[in-house]
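Two complexes come next, and they have one chain in common, subunit A, joined by subunit B in the first and subunit C in the second.
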Partner chain A sequence: MKETPLIPEGVKRCSKWQFSLWMAAATAVLLWGVYAMFLIWYKGLNQTNMNDAYGFALWIWADLAVIALGGGAFFSGFLTYIIAKDELKNIINFAVIIGFICYSSALLILAIDIGQPLRGWFIFWHANVHSMLTEVAFCLSCYFAVLTIEFIPLILENPRISQKPFWHHLSHNMHGIMAVFAATGVFLSFFHQGSLGGVAGVLFGRPFAYREHIFIWPWTFFLFTWSAAACGPCFTILVTWITEKITRKKLVKDNVIELLAKISGWMILTYIIAKSIDTLYWAFVTAPDRGFTLMDFYASPTYNIGILFAEIILCGFVPGLILITRKGRENKFLLMTAVVLAVVGVSLNRWVMVLQVMAVPMFSFDDWYTYVPSWQEVATTVLPVAYGIIVISLAHRYLPVFPQEKELNPID
Partner chain B sequence: MKEKHSNTPAKRYGMIIDLDKCTGCGACMVGCYAENNIPFKPDETNKLDSINWIRVFKLTNHKPYPETEICYLPMPCMQCDGVGKHGHSPCVSVCPAVATDYNYDTGIISQIYTRCFGCRYCMAACPYHARKFNWWDPVWPADMEKYLSPNVSPRMRGVVEKCSFCFHRYQLAREKAYMEKRTDLAEGEYQTACADACPTKAITFGDLNNKDHAVYKLKNSPNAFRLLERLETNPKVYYLTTKKWVRKAGDNYLAHEEPETLKTRIKEHH
Partner chain C sequence: MFPFCFEWAWDMSHMVFMGGLWYALGIIGAGLTFAIVKSIFDSTGGGHGDHDDLGHH
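After this line comes the complex of A and B, so read on.
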């Protein structure tokens, strides 16, 4: 009897040796990161260039950034399963895989980042319900479980797995109840994305980060959720585009990308208006009340006012305005420019909300703090990228990730 | 963030540091290192990863000679009462594992080393940089381990530590009082190592709620101020100085603001 192929039917994949070479390159980078990771676990955080002024640094930024970029999964899930935007079913699988990679990476980075990794479970066991970080840990773990559940049916669709009736039916039934998990994911994501914003916003001892609040939630709570929902889909579009370029195939129809881009555009535009209002209130009310002017926060050569311009105008209003116009979305160059700007913008926002908070001097007799990451920090931050490339490569080769691939790339 | 204990009247232990008396000799730092088993590195050049529970800063008025003035400012943990003065200090509220806690009997903020898992969120939250991370395993030179204090547990790599107002001294004084069937402590019975070590008596320590303690009167001096008061951290460490520029250096002010007028405004605000 002929064995069922591993590769989905009706699609073309590169040769084994080509794939092996590609995977070997990604694995080499991954192993470099893994080596640095074990070095840190074995020798401690003295392997980093963090210090007592820079207790939060590159990793926490990477954590916040990948979670924001992975926001495409929950928001696409919301649009597909709750709002019933059926076109997005053609990209939701990929959004889930990207989300899975982002969230598993975030959890790994957190495990590297803590000084006593073996005590990581204390955050659940001795939970302080007043801490935003506790909320992050709970929601993050739960949502990662949801993403895993969302990813499983796709894995089960591999032809060789699917030939077993049990797995085939399990996959089918899981697809049937996916809306429930999508709704759970949206609920959990709203809270952990928000809590990550709250992590910085509640720091009333740090005027650069501190924001006014409603009940216990500072404005950053809502802005982080909003920006993740707005810019996460842009990251999904960007990774889809990169995958198309590498595989030299069209994988998703333009109307799907354009619909996601349009929704993302409106989300970015409304987010950036809210962010601008927040910035103005912070600059003219919150900060002066604590003795700081806006320019006090941007008085360093590294952290100058250009950052604020880049975040709000260049990487906020510009991509938002491009993506809400039909011409902008239909022009490939403009579309991808806007998508890249949005991804950079949300990453920049997370950067300033972590690293600039630490850098700003608190006393008139203090100075700006500087920090350059060590190679171990860089390697462990690159690790998730290599891991992501490996997961996407495997998924693309062996799973029917893109439902439109067959139609767009007919085999003669 | 725990329930209030009410078997004895609540105390608010605090410190008054007279900057006009401080010579910057660093005896407070040395006393603190010895008392609290604080580890040190073979090379202490990089102060950003040094562990010290009290640091002495050197401030200058930035004026040319002969008007140049300098001031030394010792800075321990401020033991903040936080917003609303009920223990919502910047660090306690953020710790995800309740590894740092506000003691309602004393107002002192603890650090539970065996519970801290080293996320460093408290360090990010503290505007005074009072919290230090153990980047390395603590190693003392040969034989020096024999001189470690048995009353203070040494900390392990990967956890945060900070000034405890020598809380073990409070516990010892309480035990002594208990054995003598007393419920209260006399002012001199519980003093911090830095206050004891200061040769010019610049550091006064006591209960800020107790009218009989020196700190009670000193904190109400017109020359008293606290660091970064505008952030509403409500520190229990006060400073005294007759120098206006030093008082101004203790907080952040907009160009048109002066500490004196603002102090009134802050009081009215609360």
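After this line comes the complex of A and C, so read on.
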């Protein structure tokens, strides 16, 4: 009996030795991160350069950044299954994989950051129901379960697995009710993305972060959800483009990318207008009420006013305006420039809302706090990148991730 | 946390937070159970789905 191949039918993949070499390089980086991770678990958080001023540091920035960038999964899922944008079915699998990688990475970083991962379940059992971070932990864990459920049918479509009737039917049945999971994912994402922003906005002792509220929610709650929905799809487009360059194949048709880019562009533009209004109100009303001027927050050589310009104009209005115009989307250079700027912009926003919040002096006798991460922190932050490369490589090689791949790359 | 835990209190915070968690877990669990049970029926010949053609494999 002829054995069913592992690689999907009708697509071409690189040779086994090429793939092994590629995976070995990624695994080497992964092992470096794993070594640092065990060092931290074994010796404790003294392996980091966190201190009394920086209780939140590189890991929390990485956490917030990957969660924002992974927002492409929930927003693409919302557009595909709830709004019924059928073209996006050609990229939703990849968006889910990227989301799965981002959220599993976020949970891994949290497991390192809490120092005692064996007590991670305490947050569910001894929940502090007055903390926004409790809501984040709940929604993050539940949404990771949703992403895993969305990823499973794709794994079950591997030719070798799919020949077993039960797995074949399970894949089909899970696809059938995917809208329910996607809707649950949107609900969970709205709240955890928002609460991550809310954590900064409620810090009334830190005027750099504090914002006005609507009921119990500070403005940052809505801005974080909005920015994740706006810039997450850009990260999906960016990783798709990188995958196409590495595999030297076209994997998704231009009209699909351009539709996602157009929606993302409008989301970015509306987000950055709301962000600008929020910044102006904060700069001219909220901060002066607490005895600060705008320039007090940008008086450091590292955190100067240029960072605000970069976040709002360069990485906000510029990509938004490029992506809403047809010419901008159809020009590959402009499209990718806008996509990179949007990804940098949302990562920069999370940096500012975590690291700059910690750096700004709170009293007149304080100086700017400084922090340089230890190599263990850097290694454990690079770890998810290597892990992501490995998961994407395996998924692309063995699973039918891109429905248009066969049509775009016919085998003679 | 469940209502029988000593830390539990019947206040709005506990009901909203924990209710939200159970609600989400309930939907995920029910959806997954439905898919698994239906797949068992379909693969043992009990189902009437039009997707039991495994010919392409």
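Here, the second predicted complex is superposed on the first by the 411 of 412 C-alpha atoms of A that agree within 3 Å, B and C clash if a C-alpha of one lies under 4 Å from a C-alpha of the other, contacts with A are read in each partner's own complex, and residues count from 1 in each chain.
In this text, a residue touches a chain if its C-beta (ideal position, glycine included) is under 8 Å from a C-beta of that chain, and two chains touch if they have at least 3 such contacts.
Only a predicted model underlies this, so the values are computations on that prediction, with no experimental measurement involved.
Once the two complexes are laid over each other on the shared chain, residue contacts for A:127 go to subunit B and to subunit C alike.
Looking at the shared chain after the overlay, A:309 reaches neither subunit B nor subunit C. By the touch criterion defined above, A:203 lies against subunit B but remains apart from subunit C after alignment on the C-alpha atoms of chain A.
In the superposed model, A:284 lies in contact with neither subunit B nor subunit C. Residue contacts after overlaying the shared chain place A:292 against subunit B, while subunit C stays out of touching range. When the two complexes are overlaid on their common chain A, residue A:38 makes contact with neither subunit B nor subunit C. Once chain A of one complex is fitted onto chain A of the other, the partner contacts of A:142 are limited to subunit C, with no touch recorded for subunit B. Shared-chain residue A:375: touches no atom of subunit B or subunit C. By the touch criterion stated above, A:162 is placed in contact with subunit C alone, subunit B being left untouched.
Set against each other, subunit B and subunit C touch different numbers of residues in subunit A, with B touching more.
Common to the subunit B and subunit C interfaces on subunit A are residues 125-127, 130, 134. On the side of subunit A, the complex with subunit B involves touching residues 44-46, 51-56, 113-117, 119-120, 122-123, 125-128, 130-134, 137, 199, 202-207, 288-293, 296, 357-358, 362-365, 369. By the touch rule above, subunit B contacts subunit A in their complex via residues 1, 46, 48-50, 57, 59-60, 73, 83, 90, 93-99, 115-121, 123-129, 131-137, 156-160, 227-228, 230-233, 248-254, 257.
Residues 1, 5, 7, 13-14, 16-18, 20-21, 24-25, 27-28, 31-32, 34-36, 38-40, 42-43, 47, 49, 51-52, 54, 57 of subunit C are the ones touching subunit A in the complex. Touching subunit C in their complex are the following residues of subunit A: 4, 124-127, 129-130, 134-135, 138-139, 142, 145-146, 149, 159, 162-163, 165-166, 168-170, 172-174, 176-177, 180-181, 184, 187-188, 191.
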